[in-house]
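Can you read through this structure? Questions will come right after.
Lettered A, B, C, D, E and F in written order, each chain numbered from 1.
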Amino acid sequence: MEVCGGQTHAIVRFGIDELLPDGLSLVHGPGCPVCVTPVEYVDKAIEIAGRPGVVLCSFGDMLRVPGSAGDLLAAKSRGADVRVVYSPADAVAIARAEPEREVVFFAVGFETTAPANAMAAVLARREGLGNFSMLVSHVLVPPGMRAILEAPGNRIDGFLAAGHVCTVMGFEEYEPIAASYRVPVVVTGFEPVDILEGVYWCVRQLEAGRAEVENQYARAVRREGNRAAMATMREVFRVVPRRWRGIGDIADSGLGLAEAYAGFDAERRFGPVLLEAEAAGECISGAVLRGERRPTDCPAFGTRCTPEHPLGVTMVSSEGACAAYYRYRGAAAVAGGRR
Amino acid sequence: MEVCGGQTHAIVRFGIDELLPDGLSLVHGPGCPVCVTPVEYVDKAIEIAGRPGVVLCSFGDMLRVPGSAGDLLAAKSRGADVRVVYSPADAVAIARAEPEREVVFFAVGFETTAPANAMAAVLARREGLGNFSMLVSHVLVPPGMRAILEAPGNRIDGFLAAGHVCTVMGFEEYEPIAASYRVPVVVTGFEPVDILEGVYWCVRQLEAGRAEVENQYARAVRREGNRAAMATMREVFRVVPRRWRGIGDIADSGLGLAEAYAGFDAERRFGPVLLEAEAAGECISGAVLRGERRPTDCPAFGTRCTPEHPLGVTMVSSEGACAAYYRYRGAAAVAGGRR
Amino acid sequence: MSGPEFPMSCPLPTGDGETVQMAHGGGGRAMARLLDTVIRPAFDDAELDRRHDGAVVEVGGPAAFTTDSYVVRPLFFPGGDIGTLAVYGTVNDLAMCGARPLYLSVGLILEEGLPLDTLRRAVASMRDAARAAGVRLVTGDTKVVDRGKADGLFVNTAGIGRVVAPAPVGPAAVRSGDAVILSGDIGRHGMAVMAARENLGFETVIESDCAPVAAPVLTLLEAGVAVHCLRDLTRGGLASAAVEIAETAGLALAFDEAAVPVRDDVAAACELLGLDPLHVANEGRFLAIVDPADVDRAVAILRDHPVSAGAVAIGEVRDGPAGRVTCRGPLGVDRVVDMLSGEQLPRIC
Amino acid sequence: MSGPEFPMSCPLPTGDGETVQMAHGGGGRAMARLLDTVIRPAFDDAELDRRHDGAVVEVGGPAAFTTDSYVVRPLFFPGGDIGTLAVYGTVNDLAMCGARPLYLSVGLILEEGLPLDTLRRAVASMRDAARAAGVRLVTGDTKVVDRGKADGLFVNTAGIGRVVAPAPVGPAAVRSGDAVILSGDIGRHGMAVMAARENLGFETVIESDCAPVAAPVLTLLEAGVAVHCLRDLTRGGLASAAVEIAETAGLALAFDEAAVPVRDDVAAACELLGLDPLHVANEGRFLAIVDPADVDRAVAILRDHPVSAGAVAIGEVRDGPAGRVTCRGPLGVDRVVDMLSGEQLPRIC
Amino acid sequence: MCLAVPGRVLDVAGDEPILRVGRVDFGGIVKQINLAFVPEAQVGDYVLVHVGFAITVIDEAEAERVFRHLEEIGELVVEEDGAA
Amino acid sequence: MCLAVPGRVLDVAGDEPILRVGRVDFGGIVKQINLAFVPEAQVGDYVLVHVGFAITVIDEAEAERVFRHLEEIGELVVEEDGAA
């Protein structure tokens, strides 16, 4: 299983899976932080965006994630001031430039993004920006991997660990996983050659009966990670339980604002996000996220479920496995048949 | 002199002056409350309109009155929320419907309009609309007539008093004017036949050596005026000194909010209007307003000064004498020559 | 860690399919679907333009070419809507060129958030109006702009017609002595829209005169009436049209105010708002300036068509001063009629 | 009462003559002056349209007719502006119909408060672009909407051209085996505009490829190249154009990703924003689908024109599956290329 | 100044004096008008309306007198046909 | 997830650690990037940038190793030509 959606896309886009010999199949993981953000956070973001005087800032990917009734783009089309930012620092800049408005940054991401989002809070506090806050739904990769390994249907023989997550975090925390679940873990980059090499190293371990952590992406990843980034991340955030959309509640699997930064918590300012039980439907994205099923196993794939009208989270984000399949494999054929 | 701009327009539009025998000339008076509103009030209205959260409501006529740097239409074109109302009650309705906005009504007019504007304040107080206020620049006709009569260049032999002002106020207050300045005053309506009759009655008095107040417009005007309207006007307003644009300061010539309604005074809420000395220029609208000069005496008329780019107040309001001449007499000829 | 539950589903978004989204203008799937399901069904000639960059048409002679954009608020008003306006307005401009309207292009600018149903209604109106006017909508374009960057729906149409007038029609052909014919009562469109827009609280409904006027114009031309100039009386009304013609022709134009038909309700509405009906917009009225010898025949022909049943001769063209338009009032005195100065605003004084 | 002073003057308003006001669209004097001083000077053919409802033009054969509205933000961007875009865009659509562009109409929608200088610059651009493309702006229209009801300036153009292609040009003429030629590198316009609009803080300036492409197209046709289909790669980019053609033709289309030129800076910008250059808009690029026998000659002809100097054959048309477009990647595996789904949004993950 | 238009009162409503309103017919256009300043106005009366408020009831006998004048000079009634 | 792009540091500015910024060249596009998380980055280094923040300095020797692989399989470098 490649954990990261970026790798999933590279695999599907370049056809790496088609180049692999029979018997070796790549299982796509839950590696899209946008995908796994609970619907209630999306709904909260939409609710906040709809308030007068609020600017809701979000990464572009988040805008088309369906809430329980429409997405942030639809909220924008109803008049909400929703703005795409390229960097969390842009959201801080908006708060600085428009002091009469409440600027709320929808902070999602894995460990890769957490330091940058944390820095936004540091800068806002330093500048005393009382009109800035963050709606935080950060998730952490290792607890997600553990959850997949502990699931009853688990069929994962090895992991390509997410290279950019490890750029920040290093890979020490994967060593106990490799050891206790007896799975090889190869920290892998994003070029086709990286992925091929990561797969190769994984197979090499499996053939040798090893279950270790190896670092294919050594040009960007150090064992100890990025200490400066981790320090900022730990100053601003603390580990909290999180629900993963399509997967469920996982203890200690996310980040929330630490007490010192609680003043920037949009949930304190605009009310807490209340999680409810997820409703059932025909979408199998939970199983897709856990690598138990493939997008093409889904009866809705490409017909009732497309990137414009996604039924599930894995079709929403362009990094989601269903979106990757739709885009690079099934699109025109299915679409041609439909029209 | 016909005091009222409405009558000026009827005269010019129907060519009544051209029907009169030689030796009888109609002098156009200061009868446009929009025209005589001091530039500083216009500037204040523009300043208030530019504030965030403010809706500035005004009669349509007021929108093109030039302030010291542009008019309310230009402020609107810069993004100010300036709305035309047909009735002062509309402004109150806006304040009721949009409680989160500050609604400011620019209250101008002669006695005709004062009761309606006063009623807006009565309704707002009754409903406890804390977001409603009025920028008041009301003027009164009799002090204006006295000022004209006392001016050194005065050449007025008789007045057509403004019929609709007298509808509200009656005409008792004109009797001391007729007596002390020895001028006939005929309360006159707005139809061509009214004006012709008003002129005829005026001439009849002059020929008989009389100087009385007569009521040509008896179908609408009673000696005592409209008591209900006057009562509301006096409840809300008190007599104050006013500057008349193009004419100057005249004691007791205007209305301001009475103490009981001071809470609705936009000058209290947004700062007072500070009058400065009027600057000199080529425009002779002061003399036009006082009846000393005709629009066509002005070298700028129809060339540098047109209704789209008025240099002076009498070109601004469609009731202003310069605008009336431009519209019904000089326009196409002058314009044709220019292009 | 707690054992996570693994529901085999993810939430069903309801989407927001019933309003225009930015994606509808993005050049991708969503846009293709909007065009296929909402826009193209209104075009008579889907085959001509389907998924191509333009249409191929035959004119067969000198062509008249014109365009107008339509930005009316409200989009739907008594007697018409932005769709009928966009078709009839351009059809009428072609007619004013002495041409038979043939083909129209349609450019839509949609504001994000516009209800799709509003769009469907407007597009259906365009289709119906095109049929009524005998023109074909052959090519189009759709853009979507961010919410707050437009006003619901703007429509541009451009039109091509075949010129049928035997001699050039326009101000340059106007001669002193020509008769000025007005095709009917004035002021209805402008007052209908203002009453609908400004919340004036009129209980009475004034209906726009919005209508295609090509048919009577073509009949005039076919009958050999010496038509020198045609002008529809849209923005700026009769006054602006008359002044424009007079200025461009370098002649004067005089008419009789009493001859100009204004319906009672329109006159009353104008009076209440302090407006001059001569400045109020029309969408189904025009001036025809014809050889004086043809005036009675021209009026009779126009009266045969329902859309110009109220045609009247109102005045004449005179030698100079160039650009001067005068109007004889009830006391027999001429007054100068000028274009509207600035925007038309309701007055109280 | 106190003796009033009587100054012989009234205050001089400075006015606000340098921005668009509602009055500029009111159909009166202010509008006439705006048209006379700002708009009409840009029209080559003032005499055709001066103060008339439309223009009379000669096409002399079957005509291509097309329209587009332009709503670009910012109005001015590296390599072009809304004016050049509005002229070249419609010129290019005419060229894509196998036609020689001749006449353009211009519909302007101005937002109250727009600086007149901005309008002047845009209109001057249109004039220059029309000259560069050899078309005449012959008729126009101007509307003004309230502040906040538009986005500065929207432009619609419609165009008429004379069809010169000997056989119909369009998806219906595409045959299996046809060669697919791309006229140059892709992605510049979309990235230029996005970089200028989104405050991305790029120091490097990416210039739009905005240009008229009629000249190379006409040369192809004059040289007798069997041109089956032409499509400019505007919104939705190469991907959407290819899919549209394939779907409409009922054929498949395959190309080689390595053959598609993308400039380094454009590729880098796309990578930074998570965009696929195949989906990014161009304004001076097109696909020409030609008989395979003519491919080398066609590429050579295109390369002779500066605007298509980077022309390359990138792929071919194949029998079904209908509508399927594939692109061979660097590892030799084909992937499906689809239209853009939804709006193009910068991605972070 | 002070554009005022005559119209005929069609009906009257409103409990309190300052909220007294009525539908008024202005030669074809019917609009609701505030009648607080004309407590004496009855259905059928002509009132003179300024900025949405009736400011007086028109005396029909006097209107009649002016109307006769108009006929004498053959004038077309432009503004007050409703009241005349 | 976690789109990160390599670029070469052209210059470095900013007094305080958390305000350290630099102009970074991404194969032709130059953009200012926050360098707070890569205090060791020098002018000329390649950094990996995510959402406007550099998250690591690329080890050129290691990059070289992958680049050789690429040449072996004849792959076109799509994403990391700057760094490779």
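The rule is simple: a contact is a pair of C-beta atoms (placed from the backbone, for glycine too) under 8 Å apart; a residue touches a chain by one contact, two chains touch by 3 or more.
Here the structure is a predicted model, which means the values were calculated and not measured.
Trainee: Common contacts of subunit C and subunit D?
Mentor: Under the touch definition, subunit C and subunit D have A, B as mutual neighbours.
Trainee: Starting from the defined contact criterion, work out which chains touch subunit A and subunit C both, please.
Mentor: D
Trainee: Using only Cα atoms to place each chain's centre, name the chain farthest from subunit D.
Mentor: Here the answer is chain E, farthest from subunit D.
Trainee: What's the farthest chain from subunit A if centres are computed as the mean of the Cα atoms?
Mentor: E
Trainee: Looking at B-D and A-D, which one has the bigger number of contacting C-beta pairs?
Mentor: Comparing B-D with A-D, the pair joined by more C-beta contacts is B-D.
Trainee: Can you compute the centre-to-centre distance for subunit C and subunit F, using the mean CA position of each chain? Integer Å is fine.
Mentor: The separation of the two C-alpha centroids amounts to 59 Å.
Trainee: Distance from the CA centroid of subunit E to that of subunit F, rounded to the nearest Å?
Mentor: 81
Trainee: Using mean CA coordinates as chain centres, what's the subunit D-subunit F distance in Å?
Mentor: Subunit D and subunit F have C-alpha centres separated by 36 Å.
Trainee: Which integer distance in Å separates the CA centroid of subunit A from that of subunit F?
Mentor: 22
Trainee: What positions in subunit F touch 2 or more of the other chains?
Mentor: As it turns out, subunit F has residues touching two or more other chains at 1-3, 50-51, 75, 78-79.
Trainee: What positions in subunit C touch 2 or more of the other chains?
Mentor: 21-23, 29-30, 146, 148, 200, 247, 274, 330-331, 338, 341-343, 347-349
Trainee: Among the residues of subunit B, which ones contact at least 2 other chains?
Mentor: 5-6, 32-34, 59, 73, 86, 90, 109, 112-113, 192, 306-308, 319, 335, 339
Trainee: Every touching chain pair, please?
Mentor: Every touching chain pair, ordered by label, is A-C, A-D, A-F, B-C, B-D, B-E, C-D, C-E, D-F.
Trainee: Using the touch rule from the top, collect the residues of subunit D that touch subunit F in their complex.
Mentor: 200-204, 206, 258, 263-265, 267-269, 271-272, 274, 330-331, 347-349
Trainee: For subunit B, which residues are in contact with subunit C within the complex?
Mentor: 5-6, 12-16, 18-19, 32-34, 59-61, 63-64, 73, 84, 86, 90, 109, 112-113, 192, 306-308, 317-319, 326-333, 335-336, 339
Trainee: For subunit F, which residues count as touching subunit D in their complex?
Mentor: For subunit F paired with subunit D, touching residues are 1-3, 5, 23, 26-32, 50-51, 75-76, 78-79, 82.
Trainee: Show me the residue ranges of subunit D that touch subunit C in the complex, using the header's touch definition.
Mentor: 21-23, 25-32, 50-59, 62-71, 92-94, 96-97, 99, 103, 105-109, 138-141, 143, 145-146, 148-151, 154, 156, 158-160, 163, 168, 170-171, 230-232, 234-237, 240, 244, 247-248, 279, 281, 338-344
Trainee: In their complex, what parts of subunit D are in touch with subunit A?
Mentor: So the residues of subunit D in touch with subunit A come to 198-200, 243, 246-247, 273-274, 321-325, 329-338, 341-343, 345-349.
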